[in-house]
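The first chain written gets the first letter, and so on, giving A, B, C and D; residue counts start at 1 in each chain.
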Amino acid sequence: MMNEGLKVAVIGGGSSYTPELIEGFIIRAKELPVDDIYLVDIEEGKEKLSIVGELARRMFLKAGLKTRVHITLDRREAIKDADFVITQIRVGGLNARASDEIIPLRYNVIGQETTGAGGFAKAIRTIPVILDICRDIEELSPNAWLINFTNPAGIITEAVLKYTKVKAIGLCNVPIGIVNNVAKILNVNSKRVRIEFVGLNHMVYGKEIYLDGQNITSTVLEKLSDTASINMNNIPDLNWDKDFIYALGMLPCPYHRYFYMTEEILEQEIEDLKSGKGTRAQQVMKIEKDLFEKYKNPSLDEKPKELEKRGGAYYSDAAVSLINAIYNDKEEIHTVNVRNNGAISNLPNDVVVEINSVISKAGAKPIVFGKLPIKINGLIQQVKTYELLTVEAGVTGDYYTALMALTANPLIPSVKIAKKILNDILVQNKDYLPQFK
Amino acid sequence: MMNEGLKVAVIGGGSSYTPELIEGFIIRAKELPVDDIYLVDIEEGKEKLSIVGELARRMFLKAGLKTRVHITLDRREAIKDADFVITQIRVGGLNARASDEIIPLRYNVIGQETTGAGGFAKAIRTIPVILDICRDIEELSPNAWLINFTNPAGIITEAVLKYTKVKAIGLCNVPIGIVNNVAKILNVNSKRVRIEFVGLNHMVYGKEIYLDGQNITSTVLEKLSDTASINMNNIPDLNWDKDFIYALGMLPCPYHRYFYMTEEILEQEIEDLKSGKGTRAQQVMKIEKDLFEKYKNPSLDEKPKELEKRGGAYYSDAAVSLINAIYNDKEEIHTVNVRNNGAISNLPNDVVVEINSVISKAGAKPIVFGKLPIKINGLIQQVKTYELLTVEAGVTGDYYTALMALTANPLIPSVKIAKKILNDILVQNKDYLPQFK
Amino acid sequence: MMNEGLKVAVIGGGSSYTPELIEGFIIRAKELPVDDIYLVDIEEGKEKLSIVGELARRMFLKAGLKTRVHITLDRREAIKDADFVITQIRVGGLNARASDEIIPLRYNVIGQETTGAGGFAKAIRTIPVILDICRDIEELSPNAWLINFTNPAGIITEAVLKYTKVKAIGLCNVPIGIVNNVAKILNVNSKRVRIEFVGLNHMVYGKEIYLDGQNITSTVLEKLSDTASINMNNIPDLNWDKDFIYALGMLPCPYHRYFYMTEEILEQEIEDLKSGKGTRAQQVMKIEKDLFEKYKNPSLDEKPKELEKRGGAYYSDAAVSLINAIYNDKEEIHTVNVRNNGAISNLPNDVVVEINSVISKAGAKPIVFGKLPIKINGLIQQVKTYELLTVEAGVTGDYYTALMALTANPLIPSVKIAKKILNDILVQNKDYLPQFK
Amino acid sequence: MMNEGLKVAVIGGGSSYTPELIEGFIIRAKELPVDDIYLVDIEEGKEKLSIVGELARRMFLKAGLKTRVHITLDRREAIKDADFVITQIRVGGLNARASDEIIPLRYNVIGQETTGAGGFAKAIRTIPVILDICRDIEELSPNAWLINFTNPAGIITEAVLKYTKVKAIGLCNVPIGIVNNVAKILNVNSKRVRIEFVGLNHMVYGKEIYLDGQNITSTVLEKLSDTASINMNNIPDLNWDKDFIYALGMLPCPYHRYFYMTEEILEQEIEDLKSGKGTRAQQVMKIEKDLFEKYKNPSLDEKPKELEKRGGAYYSDAAVSLINAIYNDKEEIHTVNVRNNGAISNLPNDVVVEINSVISKAGAKPIVFGKLPIKINGLIQQVKTYELLTVEAGVTGDYYTALMALTANPLIPSVKIAKKILNDILVQNKDYLPQFK
């Protein structure tokens, strides 16, 4: 099935992140031989796709590899007989993201593209498209592995695993980013750091932290609440409260700020909007414009440094090393989004969690974690409830399920506001929501 | 063990609610023969205790019953060999309630004496006292049943069942109040109405509603969201959103307004405070003053009508009929706070839930409910998490556990505010919190 | 829906047990008004049906009731718009029972019609028929309650609840028989005795025994292991080992002898066969012949005493009082076969268990039991595994599933014997096993 | 903590298996540097200990290693500050094993030293001793890892993890033996074979079999039921029934023969006894005598080939590579006995299971398996019930718990026989059962 000469399809191939991926394949070319990469995108992304595709070709060429880069709008051609399908789509583009970020702010609610109401809007726009892609995979490459990057990655993976037969693994750069940041704080090589992650996508905790196998959790937590900071480019860099970190006794992820520092984040978002700095979408549009200018340069034949500002650092590492672990049956441990299956005792077996898992040709099998510490149980249960309702709303297009989903989201303070935001989202995104009649 | 000639101890016997209880015993005197009622209170409540005790004596006298009413400050005397112990205490009195309601409002957070930060303060004040009472029961009347009214009843019952061997059942008038309100809406006798309740104390849902055994849930829900209202005296009477009720598909309880209508309630609380109407505690102080004036009247020999304004309507019915069902081994169904034991599949076996249970001499055994509907799972999980952390904080006096408890409460928007409120609570209540060093 | 004027359909109406049922309806006629009883049977049972039907008519007549007794071979006519459907069928008749009892004995394995290999044969013969009946109910009386007596009642109810939408409750006379026997031992009225039953059909334990609400379990267990015996007519009356009963600490049911006294029972069965006493089926054939002779007598207008020998004592009480509790929405507690739904924490939610349940118009809701005591967990898990595999084999007709089912049965000592017995059963019953190609 | 210069204590160091272990350490000396090995035994084993110890010294010498071999009867000296403690004890020696094998046969019940009644006797003899060893570890080397080989390994590990704080992992050579046998059948290197094991010790199933990451389960099962055989030296080599293997759909372990081929095994045991071949214990005594003669030879400086006949093949590989994976924090996957913690959804979190686990410095963490296939659920539940009751009996010395344990064992056909066997065991082993008064 998976012989030499892999075929990889990248849906949303015109993304500015693609050079990250290409670099990842180049670095691992010896053990992970890719014959064909299909970069596929939609009509609106044609130009970007072409720019990125040409850059990819130059990158492979420079690396002395014979990998063929196919630039295409024909998704089915790309998927047919693929060994791996990577989805990194953004339904509605950055304009939709901008509205995801702005609508909640109208009602004094955090606007963020993956958590909160913004993530909800992104999810219900994306679910019909991803399920459509999965139908193609079921038909054209049933043995392919789907590696999903598309955010909100936990919800999208949940939808795929619940409603299709596709072998899917959801992936996020947050865990690998935390490992790298901890290594930086400790001033050691990141290979020496290992973290027991548990939770949900963008809601993952580092339960125990090891350096060379020794548990150093409390040391890291002290450093963390002192001066050092673990963050992503796209999240306001607010310091954690020292007592809170001590009370929590584990590592929060950067996105936890939305839940534990709700007002501070909200304040900053409102200020950014007022000050003309704009929402993150607006900032990203500028960054992207610059990036594609760079990509166009025919003498550029490697990933430009500026790409790291974009927020997706380590995606290449996370994704291609995951593919590598599958292809080469490595039994390596990666942190991925996968069906719980009992790994977290107090979540249902059939929901998706983000957890350390053993990766081999047989896929991703979580390592058991046991019961969630009571300290984090409530928030995780609440967010998972929100996610399940969102998946159901995204699939059925039922208004009332959507209302209950938003009501269940801990960032939304009341039914009244949930309803207003929902109505705005439905109006704003109506072209992307065929399921909502 | 439980022969004719019951001894009942009422801890907090000086409460203005006591005449309700007395009336309950009088009504059921034929099948529930009480020889001795001990009304016990603390030094500060001596005068009220005496007033209420005398009224109780006059009430029994008028009813032609020989029940002896004992007025005492000696708790151990009251508990010794009791068949039933009823706890209706208020540690710190109404002054403490006032501060419970006001402190959160300083930070724009709902102040309520059973949910939210106010309930947290009340819980940690009460836990050391209730555990102390339970030590007495373990020693002096190990076979007694403890019927706990003391709020937050779910948390207090959780503490008792987790940290003592006392046979305890937690009781609240919310379920019986809802049944009576639904009967009123339908204009039928409340005996014909039956509701399948599930959830936590002050967080209980009416999953199915039956009239004469026929399921009429949707009919009632429609009426509810039209014009009729189900409420308690002590909660702002805001109408439910029609779409929300339809989406929910079950009956919320009045206290759910704090969680689903957070801002509206908060607005009203702030307005009440500003307008001089005062918090609920301040209103209750006035009502109580009037009530005790009435109670003093030596010609009063029955429960005065005004008592119903106080918020505890149906307590008599709920409590004495529960005692009656135990004593007479009735196998009746009551809604009580009891160990889950599998009744709600997705909550742990050992936590306290509020649920329909079969009451007999063997105690309260829940009727299985199965899995919580996903719609309500998140909120219930979150609140139960908060409750468990609160019990732990109340028992250990650990600052960090207390911080995590408040952080887990869905009414508190951030760690920063949780910390401020916690610090204020600890300062304000320091005389009642020996466990916090 | 369930107005005055009930229609009751009895499938297998020609059974010798029917007069029991009729008596049950007569006794409760005041609160349970039945207009029409349809006794339905198959062509082969025509004569018996007619005899029993005439007797039923005479019984109602004598009681001064106007209930109409319909004698018919048209099952669909009987089921149409019925309020209650009672199934008491015996696929293959007593001849099949005889072979169920004899085949296992060939291989030195207990032959019994409800447990062990005999019960397996009966189950796979019955499942296609009961599912067929359920299809009729789904079509013709979807709101009807199915009360299933047909053995093995646990397995048959499992099949119905898993593969149809029919509202079914499985019923057995073992629990009520035990209550009556305990009352006899204690020399008290059986209404004063209450037993907390838990387990599976014909595998139910009396966990706690109460007299007037007082727990008297150890007293009863002592008496039991002394001299008194609790048994059914159809099970060899072997005394329990005193140490075993003490170790078990709860009441076994008569059928437990097959599992705890396997060799003694087997010895006796072999002896009975050799001595010419015959298997139970052969004895029952004689009893039945005599009974039907009696039933024919046109002057007989009540249930003859001899019926009690037949083994089905208390069926009438069990069944009609269950129907009565449903119809009159009584919230009474009965021991029935019902979906577990969390009542027993260490069995899956979706399997059928035999357990105390609250009976009302909404059906049967189990009272939570919690975790099975470890002492009985193994056997119950093993037998439930056998039952689930048997249901699957009975529905699919898969040879390999059938082999695993018999292998899982604790009465069958090896795969080799399981296979021999299975092959014999398939040959012997081939006319009744359309699902096995 | 675990620096260069490991100290390893081997309790039961005089075992004939010890040269296996020594060889394992020699092979891995480069990455697993052992400074000191303490071989400790009891007075009765003094001579054997000395013989084996001298051989061990010669082996290290030949290998050019400086590892010091300490021969001692002082267990506490050996345990003090050890990094790893290996337990391979046999309480009562081979004489006790002989009685374990013979007593059940008196009652026509399989006699085997790890499963059935023989294993029960061994377990209750061993539990007091192993708990005593653990008390020493808790005091003298609380950070040490206990690697337990002592049979019945599942039960002993269960006792240790339930009643002590020692970090223990239970180990068995069955899984590694199966992998090697499958490799032999396929004629490939065993490193290319990977099996997903699940179950209990000596009750483990190979759920999926992979060759180079490709699932080849059905191929192997076909070969298995054709001609090839997977077995241990100590189990009668009976062929599996082809239909059964197909029905099972996974790989049974050799010990499963006791449960699925009960009569065939029993027959052979009885025959062996009659024919003078003797029980396995008697055969082993002869083998051991020969082995120790060999070990005495001062020119022997390596593991003699004959050791493999002894039944413990691959122990060295299993044990030392496990220690190596811990020491070097390898995150390798081994099949070990470890707390379930949710890995098998339908077993409790706190019981010991045998399952594939990730091994690192943090110990063994199971990979989630999910729900047991229904086909094997019953037997595993039954045997785990037996194991838990055995642990409780072994710790408390309670006769009634012991009776329920044997009753729960699927190889024992009735309470009557359970009681007879139990009584014989208690009499025969009374010197080793201080806990049974």
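Following the convention adopted for this analysis, a residue touches a chain if its C-beta (ideal position, glycine included) is under 8 Å from a C-beta of that chain, and two chains touch if they have at least 3 such contacts.
What you are looking at is a predicted structure, and each value in this text was computed from that prediction instead of being measured.
Q: Can you give the shortest number of steps from chain A to chain C, where adjacent chains in the path must touch?
A: Shortest path length, in steps: 2.
Q: Between B-C and A-B, which chain pair shares more contacting C-beta pairs?
A: Counting C-beta pairs in contact for B-C and A-B gives the edge to A-B.
Q: Give, as an integer number of Å, the spacing between the C-alpha centres of chain B and chain A.
A: Distance between chain centres: 45 Å.
Q: If each chain is a node and each touching pair an edge, is that a line, ring, star, complete or other?
A: Per interface graph, the chains form a ring.
Q: For chain C, which residues are in contact with chain D within the complex?
A: Its residues touching chain D are 241, 243-244, 246-248, 260-264, 346, 348, 374-375, 377-379, 381-386, 388-389, 392, 399-401, 403-404, 407-408, 410, 413-417, 419.
Q: Which residues of chain C touch chain B in the complex?
A: Against chain B, chain C makes touches at 1, 194, 208, 210, 212-215, 329, 331-333, 340-345, 349, 358, 360-362, 365-371.
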